[in-house]
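Each of the next two complexes has chain A plus one other chain: chain B in the first, chain C in the second.
And then the complex of A and B:
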């Protein structure tokens, strides 16, 4: 079954929830489409970003039954980083997996 | 322009170059084949490593990457392109290698790299020049981490350090697997082998197994100044 906008958002939110469980109250990352993942306004440090993206890759691979790589050349060579915020990451996931928005 | 430091000879025919940008160790190892060497873990300073090769009058015959993190493979494509040397990496680290450029971005490290064309570690030659070459698969730091024995050198990557333990919080690392790996390989490493790690100083294995307290604690070997090898049988 293809990934939908809703399921992409659910998977990203789950990865952020996993991260939040390891953080104290003040460091909680909001579950919202505009939440920045990378860049100056992000609440995630480098290691947290890596951990979240790998969590999402794993969840997508499990859901689709094939390995999904969000961290290859395709993601890094874009003018607009797909890791900028939750919205852009979901759009990239849909594009990569041939899903529906 | 500042002059780069000369490569440091850490053992007979083994030179260490500490990479700039991100400090990891690259090793240049003479082979007994005239003018040719092994290059282990070319990191984020291919220009500096290449300068060292010129100073030493050596060209790489083979490139070995102990694992797929960017600080150990960052320069591999450069040497592959310049010298036509095959680049060996264990196949269990293909995902780790695929994430190398992402990690550089995530950690905001100002270095760009090409991914090398990788030859599976299992296809490495059994000997080079007049010396045997042994690949020890050593999962734990990453799934495809390896240690490479050549001559008196044990190129241990981030699996075995002179000081401390090779744990990281990066994906793919596994504490218990690292412990099991080290315990399984421990007795096969001769005391006189020169441990050439991916970061920090080189030391004879005797010094590592008697003085690296954090590692001994990690392996459950504390309480003895120099644990006799047969005393460790029950800890694996």
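And then the complex of A and C:
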């Protein structure tokens, strides 16, 4: 079954929820499409971002039954970062998995 | 980011980093700034201990390549700590610092292997190093006494070909993502 926008958002939110469970109250990452994942307005450092990426790749691979890599050539070749915010990451997931919006 | 050699003048800032919550999973460091100064001053000449700094010269953390053995072509990566959380937030500081360290190890020193240990409760770093291509090679049981209790040391290792095949592409993708985000945010 292809990944839909709703399922992509659910997977990203679940990864952020997992991250929030390890962080104290002041460092909680909001579950919202506009939440920045990378860049100066982000609450994440690169350790936290990788933790989120690992959770998302695992969930996508479980759903699709094939390995999914978010940091492959597709990510490298994009002009705008797929990790800028939740919205751009969901769009990238849909593109990568051939899903539908 | 730049890596510049750690000097005794860095004792105060690196001591503060070692006392922070982020360093809770690391080995017990120096107990006083003076002890930290002595520790820095007595690093062996074949250790590469660095301060991670922004291009502006602002220090962000520390990282080392120690026990460099050019016969067996191996070394240990360690003392890896992003001390300035605010400075590093939203930028791939840790990725770039580790990339620079691996360039030293694999490109300049022509090493075949980099290894290290991680305290078993340091889940974020363990996950991060696995993602960055390191393989888990074993466990030393009750190897560390950290946070008032024993923890296993997870032994990790990275071979040169794994670095080039897995680690480097992932690092480049994360660095590229960081750069394009920064450009967009200007």
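Note that the second predicted complex is superposed on the first by the 101 of 101 C-alpha atoms of A that agree within 3 Å, B and C clash if a C-alpha of one lies under 4 Å from a C-alpha of the other, contacts with A are read in each partner's own complex, and residues count from 1 in each chain.
Basically, contacts are C-beta pairs under 8 Å (C-beta built on N, C-alpha and C of every residue); 3 or more make two chains touch, one makes a residue touch a chain.
Nothing here was measured: the structure is a model prediction, and the numbers come from that model.
Colleague: Mind working out whether A:75 is in touch with chain B, chain C, both or neither, as first, second, both or neither?
Modeller: A:75: touches chain B and chain C.
Colleague: Contacts for A:84 in the overlay, against chain B (first) and chain C (second): which applies, first, second, both or neither?
Modeller: After superposing on A, A:84 lies in contact with chain C but is clear of chain B.
Colleague: Between chain B and chain C, which one contacts more residues of chain A in the superposed model?
Modeller: Chain A has more residues touched by C than by the other partner.
Colleague: Between chain B (first) and chain C (second), which does A:40 come into contact with in this model arrangement: first, second, both, or neither?
Modeller: A:40 contacts chain C only, not chain B.
Colleague: Which partner does A:2 reach: the first (chain B), the second (chain C), both, or neither?
Modeller: Neither partner.
Colleague: Have a look at where A:51 lands relative to chain B and chain C in the superposition and call it first, second, both or neither.
Modeller: Once the two structures are laid over each other on A, A:51 reaches both partners.
Colleague: Do chain B and chain C touch any of the same residues on chain A, and if so, which?
Modeller: The overlap between the chain B and chain C interfaces on chain A comprises residues 38, 46-47, 49-51, 53-54, 71-73, 75-76, 81, 83.
Colleague: Okay, in this complex, where on chain A does chain B touch?
Modeller: Residue positions touching the partner: 38, 46-47, 49-51, 53-54, 69, 71-73, 75-76, 81, 83.
Colleague: Which residues of chain A touch chain C in their complex?
Modeller: By the definition above, chain A touches chain C via 22, 36, 38-51, 53-54, 71-73, 75-76, 78-84.
Colleague: For chain C, which residues are in contact with chain A within the complex?
Modeller: Result: residues 82, 85, 88-95, 123-125, 127-128, 130-132, 169-170, 172-174, 176-182, 184-185 of chain C touch chain A.
Colleague: Across the complex, what residues on chain B touch chain A?
Modeller: Result: residues 95, 98-99, 101-103, 105-108, 169-171 of chain B touch chain A.
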